[in-house]
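Pasting a structure here, questions to come.
Note that the chains are named A, B, C and D in the order they appear, and that numbering of residues resets to 1 at the start of each chain.
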Amino acid sequence: MAKIKIKRERIKFASDNVAGACPEVLDAILKANDGDSTPYGNDPISTELQNKFSEIFEKEVIVFPTASGTAANALALSTMTPSYGNIYCHKMSHINTDECGAPEFYTGGGKLVTLNGIMGKITAEELDESIGGKGIVHHTQPSSVSITQVCETGEVYQLDEIKKISDVAHKHNLNIHMDGARFANALVSLDTTPAEMTWKSGIDVLSFGATKNGCLAAEAIIFFKKELVGDIAFLMKRAGHLLSKMRFVSAQLDAYISNDVWLRNAKHANKMGKKLSDGLSKHNDIKIAYPTEANEVFAKFPRNKIEHLNSEGYKMNEEELNGKAVRLVAAWNTKDGDVDQLLDTLKNSN
Amino acid sequence: MAKIKIKRERIKFASDNVAGACPEVLDAILKANDGDSTPYGNDPISTELQNKFSEIFEKEVIVFPTASGTAANALALSTMTPSYGNIYCHKMSHINTDECGAPEFYTGGGKLVTLNGIMGKITAEELDESIGGKGIVHHTQPSSVSITQVCETGEVYQLDEIKKISDVAHKHNLNIHMDGARFANALVSLDTTPAEMTWKSGIDVLSFGATKNGCLAAEAIIFFKKELVGDIAFLMKRAGHLLSKMRFVSAQLDAYISNDVWLRNAKHANKMGKKLSDGLSKHNDIKIAYPTEANEVFAKFPRNKIEHLNSEGYKMNEEELNGKAVRLVAAWNTKDGDVDQLLDTLKNSN
Amino acid sequence: MAKIKIKRERIKFASDNVAGACPEVLDAILKANDGDSTPYGNDPISTELQNKFSEIFEKEVIVFPTASGTAANALALSTMTPSYGNIYCHKMSHINTDECGAPEFYTGGGKLVTLNGIMGKITAEELDESIGGKGIVHHTQPSSVSITQVCETGEVYQLDEIKKISDVAHKHNLNIHMDGARFANALVSLDTTPAEMTWKSGIDVLSFGATKNGCLAAEAIIFFKKELVGDIAFLMKRAGHLLSKMRFVSAQLDAYISNDVWLRNAKHANKMGKKLSDGLSKHNDIKIAYPTEANEVFAKFPRNKIEHLNSEGYKMNEEELNGKAVRLVAAWNTKDGDVDQLLDTLKNSN
Amino acid sequence: MAKIKIKRERIKFASDNVAGACPEVLDAILKANDGDSTPYGNDPISTELQNKFSEIFEKEVIVFPTASGTAANALALSTMTPSYGNIYCHKMSHINTDECGAPEFYTGGGKLVTLNGIMGKITAEELDESIGGKGIVHHTQPSSVSITQVCETGEVYQLDEIKKISDVAHKHNLNIHMDGARFANALVSLDTTPAEMTWKSGIDVLSFGATKNGCLAAEAIIFFKKELVGDIAFLMKRAGHLLSKMRFVSAQLDAYISNDVWLRNAKHANKMGKKLSDGLSKHNDIKIAYPTEANEVFAKFPRNKIEHLNSEGYKMNEEELNGKAVRLVAAWNTKDGDVDQLLDTLKNSN
């Protein structure tokens, strides 16, 4: 592949997307490969997914599988935001900083209005104050809100926080989207139900992430309001995101949400994150930057420790977006020994 | 998945995208899953792909793997076509009729100028006559040409035809793209080399298809001219087509182009196509609509025969785009018995 | 101004846009300049325009003045056509050939599906046959129809022709737009009412042209169906077409449609066109290419006559779009003597 | 005209766009109307404009007249900003808050990265710190900078401030645009030359405003770097901003920049602004919010004074964008008596 400049090259704890797929997901792909099947999502696995997700969310939902989280976010937002619309989001949000302008591309030029928030979360109050200009032809128009769960600092929105933000959005007739790239990690962190964390708290559309937590390339756009689906089927096709052999994306999702695979994976990743966070916090010169509430740990290291870790093969840079905090991410396949090894390496640093 | 209306539901011979992946490709995915790896195409498999494709094409090429053929086409065209640019193509071309306007979306509003061609192919002469208005501010500007190989009628462009069309394109300072969704099928049909069928015949950018011929979801945009690469890396990311676990797309391509897997698969599919075509042509009331030059057979059936086939479980409709001709497609996994069975079923029709 | 390449440089009869504004329109601008006024179309002249146009069209219409015909067309079409939509139009239509892709820009990538028509007009039959693929996710979606009145060959659609085309459009749930750049010329040619030539014949949205027939820069988008207005106010502003001192555009339109100015101007231009056409048709070696039904004359000249005219200062090229026919256009300010002079010049050619 | 909701309806001092055109400009329009002329900016007035602006700016510049300031800004920015590009600007800038997303529309989805600035101006330091992520595929790419002169708080950038900001822009290989909607007002305020305030201070492209200071509808995009012109001619046409009777826009600009009309108008407007500001500042309970450096006065009034003014026919609201400050704008046609009257009215308030 052509050399695309990316932010860094490091493996263990670099991100949860360095991990491969879990065995259950791989098995599902192999099984789906048996025999011919109708293309473009009209196969039995894909159509059945509709029901399975509806069960999980305790509501009839409408599901569109995709292979890409960025596409899921941007497509979801494009059904809720006209070309002259405002999307309110945290200034550090993935849609604002890490998708190379995908929401702007898919909405035909929408504007991301960024909020400062408190740490990684936006607040209902700041959102409320930011929304204005409705109906005035000179101004881009308030259209939608997007929050990230787990958010970009590793914190998890509490149910009442989501509810308050949704209430403000709906008060202004905006729709609200949740970027759930780490949906399962947030869910098990809050020990709540998918329904409670989404539509029961006011969420209208969800990007349901699965790639980071055990799939190869599988996400789902989930609509809790049918009227928001709009023309997304055409927009997906038009963007090249309606894969012909869609059954293989659907098969991943099917295996992922069956038999608690997703919850088990997420619980494990969170546990490893916690273990890592606890270990780091024992060092006086390492400061945990944000509460470790899921599988991501943000910590400020002294320069010598970073250099030592890098000299030992870890590839960690200081994060631009989070000031001086380094991000370490545990995945579904992180082992106790992996955490121990990193902590041991740190001990030998001085 | 939500109900997306699609053209038809039928399995055997419906298309080559109803087939799953071949064993070599599946094995590669399993193997790639072993251990963590750098995301976004900076893993060893993805970077090595650059060299492997360069070998195959006997030239240093620049390769961008994608999971979607529509995306490959539209992204490729977007590097060669400004928002006010003309893309010259056959009126039946996939980019014009079957991608829901993806080239228009990715170019920001480019215009597909359609040519009538002779059967499924455009001609150098018609292209030459159609190009005009260059530099005149009132007119959309001639920018690029796209041909499909194997083309939409199952015919294969001969090398001298490609060369003549490329010459016209280059004479007018346009770049030329090949939609190679069935690249391997054309290649083995012509019994030529990848280099001969592309850059040696003037092609500037290729959408290299692999999904239909044995992969799950893997295509590649291949640039023969470095200066055309432009900003495609940003555009891919922006469109949600830079998958985080890109290694799994690359692994499919790697296996596909190794050990002649792709050529073997294509030869078999073409052979099955030929067998089917020969069998059909023995019926006086069935008319082969276009020469069967690869793995696609277009034939006009009497209505009673179609009804009989459908009653026996085949799901075939009359094709809109090709007048009254039904399209039957053989795939890498079509068996001799599959062809025999269809032909036998026909014999019992009257 | 920077050198923009344009098609030709010639003055008399080159186009009706080489003429300036008529006295009534200029007076209205001077009068509107007296005193301060509310900007952005909220001045009394602009708001009153709504009523004046409603009277003229015998129906409550919604009017958006603009300074540009291309903008009027593209904005009108953008309210009726999604980014993945088809606009059906004549292959020679101004929106397809002379607006540098404005409809594609404003719709976010819509597709102009071109019809061959008979001479310069599309037919209801060809339109009906061309519309297809509705609801199928692979295909761009039938959305709107646009006809030009006076059309690009100088012919005028008859009322029953408009009605038949509108009926087909509505049968397929498409909306229909009329590009009325020479609306007045068509109107007086048909000797009918504005209502009959538009909404009573099924037209949904009109680009009402005034610039060519006596204004400086003034057009109007006129909606006959309120529900089609959509977000056009935001789109206009967003495109920079909501002028701050809009009153001066509105003042032109006000004067233009008052006291039969527009009808008088158009009748005169048509009369001069007829006189020119009649004069030309007396030459055996000049062939009138299309019926002269308004103020445009299309004629095939022998090369020596063109050269003679050019040597005498006329600047006329062979028209690309109309094969070998030269277009000569009479305007509101064309004098009998202008026509006589051209005809005399021709007589002296051999 | 259809009811477009706008922010407020008030006349005197509401904005400088409530004024009509000055006599010299009107005369020029009348004069330009005499005789036929080549359309689309190929008339003598338009072509000569190129030289006249080059003289004024002491450099060969490339000029594109437009009828709209929003279009001038967005078109200018679109030549310097790809669809995935960042435009750095003040959070209160007109392009960010008052053009309904025009820059996003014309760039195909660019991102406005907003700076807090100090009062109404951005600073070189904040700009420098904000630029990042260059070459990293996940991030939108730093592309251009835009400053407004006179800025949105009525302050004027000093030459050294412009120079420092330009230096930062160029250090990062960004191009820099000046929104000069009130260019003349800034120029006479600084008592400098057009060259000094633009390219000699590093500006690459200018939106030269004329509408607010004595024209009907006339602005100009002025390129100081030829290589930035790019495809703007096509983009203008495509957006419907290449008017057919362009000579009338050019004639306005011609008269405006001839015989010091523009400077005289601006000096007068600034003088009236100063007089108003001085008068207001004599009230203890009125606070001038920003230094009055050109023709705009921002002042915080006690509620009872606003109510009194409104009861006397002034239509002033508290400005959203500037907190609690009311904006009062003097124009080229503001009379001493207008200022006296407002101040007298205030005296009678208590």
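The working rule: a residue touches a chain if its C-beta (ideal position, glycine included) is under 8 Å from a C-beta of that chain, and two chains touch if they have at least 3 such contacts.
Here the structure is a predicted model, which means the values were calculated and not measured.
Common neighbours of chain C and chain D, by the contact definition above: A, B. Taking each chain's centre as the mean of its CA atoms, B is the chain most distant from chain D. Chain A and chain B, compared by their mean Cα positions, are separated by 33 Å. Averaging Cα coordinates per chain places chain B and chain D 51 Å apart. For the pair chain B and chain C, the distance between mean C-alpha positions equals 42 Å. Multi-chain contact residues of chain A, defined as those touching 2 or more other chains: 4, 6, 40, 83-84, 99-101, 105, 108, 137-138, 233-234, 237-238, 242.
Contact residues on chain C toward chain D in their complex (touch as defined above): 1-4, 6, 9-12, 14-15, 17-21, 26, 29-30, 32-42, 46-47, 49-50, 62-75, 99-102, 105, 211-212, 216-217, 229, 233-234, 237-246, 248-250, 333. By the touch rule above, chain D contacts chain B in their complex via residues 40, 82-84, 108, 137-138, 141, 231, 233-238, 242.
By the touch rule above, chain B contacts chain C in their complex via residues 4-7, 83-84, 97-101, 104-105, 107-112, 114, 132-133, 135-140, 320.
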